[in-house]
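Report on one structure; see the data block that follows.
So that you can tell them apart, the chains are marked A, B, C, D, E, F, G, H, I, J, K and L in the order they are listed, and the count of residues begins at 1 in each.
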Amino acid sequence: MSDNVYAVSKVVGTSKKSIEDAIENAISTSSKTLKNLDWFEVKETRGYIDKDKVAYYQVSLELGFRYEK
Amino acid sequence: MSDNVYAVSKVVGTSKKSIEDAIENAISTSSKTLKNLDWFEVKETRGYIDKDKVAYYQVSLELGFRYEK
Amino acid sequence: MSDNVYAVSKVVGTSKKSIEDAIENAISTSSKTLKNLDWFEVKETRGYIDKDKVAYYQVSLELGFRYEK
Amino acid sequence: MSDNVYAVSKVVGTSKKSIEDAIENAISTSSKTLKNLDWFEVKETRGYIDKDKVAYYQVSLELGFRYEK
Amino acid sequence: MSDNVYAVSKVVGTSKKSIEDAIENAISTSSKTLKNLDWFEVKETRGYIDKDKVAYYQVSLELGFRYEK
Amino acid sequence: MSDNVYAVSKVVGTSKKSIEDAIENAISTSSKTLKNLDWFEVKETRGYIDKDKVAYYQVSLELGFRYEK
Amino acid sequence: MSDNVYAVSKVVGTSKKSIEDAIENAISTSSKTLKNLDWFEVKETRGYIDKDKVAYYQVSLELGFRYEK
Amino acid sequence: MSDNVYAVSKVVGTSKKSIEDAIENAISTSSKTLKNLDWFEVKETRGYIDKDKVAYYQVSLELGFRYEK
Amino acid sequence: MSDNVYAVSKVVGTSKKSIEDAIENAISTSSKTLKNLDWFEVKETRGYIDKDKVAYYQVSLELGFRYEK
Amino acid sequence: MSDNVYAVSKVVGTSKKSIEDAIENAISTSSKTLKNLDWFEVKETRGYIDKDKVAYYQVSLELGFRYEK
Amino acid sequence: MSDNVYAVSKVVGTSKKSIEDAIENAISTSSKTLKNLDWFEVKETRGYIDKDKVAYYQVSLELGFRYEK
Amino acid sequence: MSDNVYAVSKVVGTSKKSIEDAIENAISTSSKTLKNLDWFEVKETRGYIDKDKVAYYQVSLELGFRYEK
């Protein structure tokens, strides 16, 4: 990793199923426009409630990716 | 949402199974006294350990709900 | 708990499966050297990405354990 | 103030006009159920966007009020 | 504690004597309306000054209490 | 909102008039390059001073926008 | 700006009208004792409530000013 | 309080006896140079250890005082 | 202090009496396994409540100690 | 600066030599895709260790740049 | 240090060369008006960019100094 | 890295020369008791002042190291 530069983008993934699934959705959708995705860090975990149950999770992530040379 | 006011309550849900299940338990129990629950935000994720395994998760949430007019 | 003293250690557990599994791995490995593990608190949730999927989760925890008398 | 106890509630006010108006709306609506409102502190200032303009502000506040004796 | 849900309320206690006394006052007054108080966490320690001495301490706490079933 | 992914960009708007005007300027200018703007969150409010008056406000925002499918 | 040193002072301005007016009041009063005021950063926005309306805003600022050579 | 401006200074008081005594020492010493002291807020509580006992407490405070007109 | 290296350990002391006593208990117990204790910093002040009174304080500290050469 | 809008991007620069060199590398590489770079703010300073020496520094920055009109 | 009181001032030093040089400049300039400077703590590290290189570093510090008796 | 567990220790390195040198000193001294050191993160940068110059830097780090299997 030693002479690379990385960019960090913030994205929010959503899922009806789980926190992990919201993370995978965020990464999968972001990968269409961001290449060389390398790591993530969860910044906030939220969600919406419908009829007293979780309607879906919203997980905001920082995504790190390597600048192409 | 534009001319509503929301209240935010903090609750702690527990579960032996998973973080998501602790969130659902917090929402389900709170809904007995709080009406119009609308969103949540995870503030802390903790737990207790018994015999070197997770005994249960404790997830503290802020719960937003609409003031009845 | 009332006249005990507790120490708190920070550890990072990893897992390919889930956040909960990374927590269990951190506790299980730490229990080989730390006795009387009592509670944990999640401090950061990160991970590495490979081919646009989560390669593994890295969950950093504070682990509390009772000082032996 | 010296031998009183205060409770602190978190609320979110909304307004199409301004941040100050969202604060006034939060206080005005909360005052129907909370008596002796004494102070507020802004915790987050957010909003929704429609057609590239602010649709409304959402200001979350902590509201302090004196416990009735 | 394992299948309970807890609510968390924020209160501010005051005392002319000490930080510990402000905490006791907050708990004692809150216990008139909140049942099953279980734990507290100090969030801010402030106070007012009169004639270059502490007039009284103001200690804001989060108070956790068990939801009655 | 439930199966969307959102990106979050940070921008700084400036205005000589007010905090709200700086927010509108940030959104308006950003909308030339970012489509589907959906929400904002104020992160810092600063400004420059000239002759002991506010010369202009600088408000930094996170802007959320929906990924086009 | 490149070979200057700046001092930073914290002040609290109040106003019955608006957040912006409280900022101007803080700067105007501070300018009687602090020369070369250059920038500000809002740190907290609070206020007092009277009869369920904002009685006045209290805005705490960091004020930066250039050391005279 | 409504048309005043306040300045905020940070000081560190020390005491061999208690946290409250360190606060009183900070206020008492500061009052020789700062007039109209009005409130304080504890920011950090530290101390030095000698022979496995607290040698003295160091409590850092923000002190608010009214600008003289 | 100038060419030393220090380690920092986190511990939680408890006491039925006071915050200062919980700090002393944490230091006293830690000193059985950690040599050359030099300073502490309070990170969290919590406690448990029994019958609407403080049952005991829990004070978490960072403890700094000099590496033996 | 008064009627401009700025965007803020997060990047991570690396260097075997120093923190300053990691900052310069982040700016230099980012300047290939971001025009009008104006300021930076260091958010985190980390690094990797090899054979008990720093292998390289990783410095994460927010980079501000002016929107072209 | 045990019965002293310390004041803490915030300053921003600048340098074209390095972070350490900006710290020295802040201390050196502050020492003309503040006596008995004792310690510092770095709070923010920023800088301005010119032609895709660091034009100068801006390091904001808290400076602690002993009150003269 | 994928099925490892890491421990994280906090240490403070000092140096008369530079921030980087304080980091190297912390790592070098820690490596006598901690094996498999892998990464660090700077948490605080402080220092002591003597005769209006930096006497030495104190840099506190979190050090990550792999648990031996």
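As a convention for this text, a residue touches a chain if its C-beta (ideal position, glycine included) is under 8 Å from a C-beta of that chain, and two chains touch if they have at least 3 such contacts.
As the structure is a computational prediction, the values presented were derived from the model and not from experiment.
Visitor: Moving only from a chain to one it touches, give the least number of moves from chain D to chain K.
Guide: Between chain D and chain K, the shortest chain-hopping route counts 2.
Visitor: Which chains lie in contact with each of chain B and chain D?
Guide: Chains that touch both chain B and chain D, as defined above, are E.
Visitor: With chain centres set to the mean of the C-alpha atoms, which chain is at the far end from chain A?
Guide: With centres defined by C-alpha atoms, farthest from chain A sits H.
Visitor: Round to the nearest whole Å and give the separation of the Cα centres of chain A and chain J.
Guide: It comes to 22 Å between the two C-alpha centres.
Visitor: Taking each chain's centre as the mean of its CA atoms, how far is chain G from chain I in angstrom?
Guide: Chain centroid spacing, chain G to chain I, equals 38 Å.
Visitor: Listing for chain G: what residues touch at least two other chains?
Guide: 9-10, 19, 48
Visitor: Between which chains does touch occur?
Guide: The complete list of chain pairs in contact reads A-B, A-C, A-F, A-J, B-C, B-D, B-E, C-I, C-L, D-E, D-F, D-G, E-H, E-I, F-G, F-J, G-H, G-K, H-I, H-K, I-L, J-K, J-L, K-L.
Visitor: Which of the residues in chain L come into contact with chain C in the complex?
Guide: So the residues of chain L in touch with chain C come to 1-10, 62, 64, 67.
Visitor: Would you pull the chain D residues touching chain G in the complex into a rising list?
Guide: Residue positions touching the partner: 19-20, 23-24, 27-28, 31, 37-42, 63.
Visitor: Chain I touches which residues of chain L in the complex?
Guide: Where chain L meets chain I, its residues are 9-16, 25-26, 29-30, 33, 48, 55-56, 58, 60.
Visitor: Of all residues in chain G, which touch chain D in the complex?
Guide: 18-19, 44-49, 52-54, 57
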